[in-house]
Amino acid sequence: MINIVFFAQLREQLKSDGLTLTIATPCTVADVQQAVLKKHPQWRDFLANPALMCALNQDIVPLDAQVLDGNEVAFFPPVTGG
Amino acid sequence: MINIVFFAQLREQLKSDGLTLTIATPCTVADVQQAVLKKHPQWRDFLANPALMCALNQDIVPLDAQVLDGNEVAFFPPVTGG
Amino acid sequence: MTLSSPYDFLSVQEADFDVAHEYAQLRDHNSQDGAIVFFSGLVRDFNQGSDVTGLFLEHYPAMTEKALAGIITQAKQRWPLSRVRLIHRVGQLQLAEQIVFVGVSSSHREAAFEACHFIMDYLKKQAPFWKKETTRQGPRWVETLKKDEEALHKWQQDDPKHS
Amino acid sequence: MTLSSPYDFLSVQEADFDVAHEYAQLRDHNSQDGAIVFFSGLVRDFNQGSDVTGLFLEHYPAMTEKALAGIITQAKQRWPLSRVRLIHRVGQLQLAEQIVFVGVSSSHREAAFEACHFIMDYLKKQAPFWKKETTRQGPRWVETLKKDEEALHKWQQDDPKHS
């Protein structure tokens, strides 16, 4: 099971702060993204945005990073703290 | 009349914090330096040091800066504040 | 990830911070360091063309401290820093309130300036905080700035490991 | 030379200064600025290979404030700074005492970092202060450092007026 979380504008656009999905692992962050879109196709305009950042177990990673069962995958807009 | 002042190591080496000299103006800072050395030839080792900085009326200047009557000329080692 | 030195400090908090206290923590019992540099970021009333009246700071709680500790570790690998203190606030902030503090001490002025600047540039691009401004035109998520991206590239070019 | 803005402040003094007060002066009633950077320089116990126990700071009184005001003016011509505060102490200082404070506020982080760094680099090479350290080996005038010269060249190369 993968824990998927969303933040900021993306959370508001999807009206969801996350979900859990059971998918075959190991897979990639991009595979997780596609599995989410398969379940929620109406999220495509927001979740398929190439400007989004991804984190895997709380580290920023590229879309091809390897995901294992039990991992947490986060999608969020470019950060604006500081 | 030119007011000449020395600071820091140079002041200690010369055992003088300055002097006044009457010389023909306009002249250059280098001319002032030579006039001081003519009067105090024993200062040559310290006052002819090319690492010294010069200020004319409290602005850092090169040796060829023009000096007028009544000006203040300062010689000092490289600064080390901050 | 945790901080490796007891003299370093990292906090993500709703409460305000006291710059005088932070400065004292960098300075006290520290006669080997000649240089302290700090940055303080404040809520300003004008940003990206709107009149700002306040700010809400969202973050990713599980990730925030880990990301900031990683940035501090990178800075300490790159410059000789004795102490680093970093505080970032979250939640609702009013106009002119303090948002972020980064303070570093070093025996060398150049290292202190560069490391403090580096930490802020990396924080701006890699720490999971998002600002939602309250403006006279309504609430609005702050957009990322291209110049913040460029600020990061500068450090990557300067770093022998990346050139 | 005098400072052109009532928000700027410059002092050459024997007395210590209070960083919290200086920070408040940079920050209070200033909701347009998002960034404050400051540098604080301290007497450290080890410099150029000797154990330092104290410091005497000599200066050229007629020139000091003029030189510092000129550096502040240059920084304000080069970066959008709202407020600049600069304090340099003179006379006898003990170990770990504060020597110098430079604080700037700006609407932009990069400007605040660069201007504060610039002011310190220029002060180190162009303001008429001289340090005489008390060390366990006796008193000793501090030597100028080649890296301080190089720090200045960096700003001259960066400045379009010099390239």
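A, B, C and D label the chains in the order they appear, each numbered from 1.
Here is the rule we go by: a residue touches a chain if its C-beta (ideal position, glycine included) is under 8 Å from a C-beta of that chain, and two chains touch if they have at least 3 such contacts.
Everything numeric in this text was worked out from a predicted model, so none of it was measured.
Asker: Going by average Cα coordinates, which chain is farthest removed from subunit D?
Answerer: Measuring from the centre of subunit D, the most distant chain centre belongs to A.
Asker: What is the distance, in whole Å, between the centres of subunit A and subunit B, each centre taken as the mean of its C-alpha atoms?
Answerer: 71
Asker: What whole-number Å value describes the gap between the mean CA coordinates of subunit A and subunit D?
Answerer: Their C-alpha centroids are separated by 48 Å.
Asker: What's the distance between the Cα centroids of subunit B and subunit D, rounded to whole Å?
Answerer: 26
Asker: Two-or-more-chain contact residues of subunit B, please, as numbers and ranges.
Answerer: 82
Asker: Of all the residues in subunit C, which ones touch at least 2 other chains?
Answerer: 41, 109, 120, 124
Asker: Which of the chains touch, listed as pairs?
Answerer: Touch list across chains, by label: A-C, B-D, C-D.
Asker: How about subunit A: which of its residues touch subunit C in the complex?
Answerer: Spelled out, the residues of subunit A in touch with subunit C are 5, 7-9, 55, 58-60, 72, 74, 76-82.
Asker: Inside the complex, what are the residues of subunit C that reach subunit D?
Answerer: On the subunit C side, the touching residues are 19-20, 23, 27, 30-47, 95-96, 107, 109-110, 112-113, 116-117, 120, 124, 147, 151.
Asker: Would you pull the subunit C residues touching subunit A in the complex into a rising list?
Answerer: 41, 57-60, 62-63, 66-67, 70, 88, 99-100, 120, 123-132, 141-144
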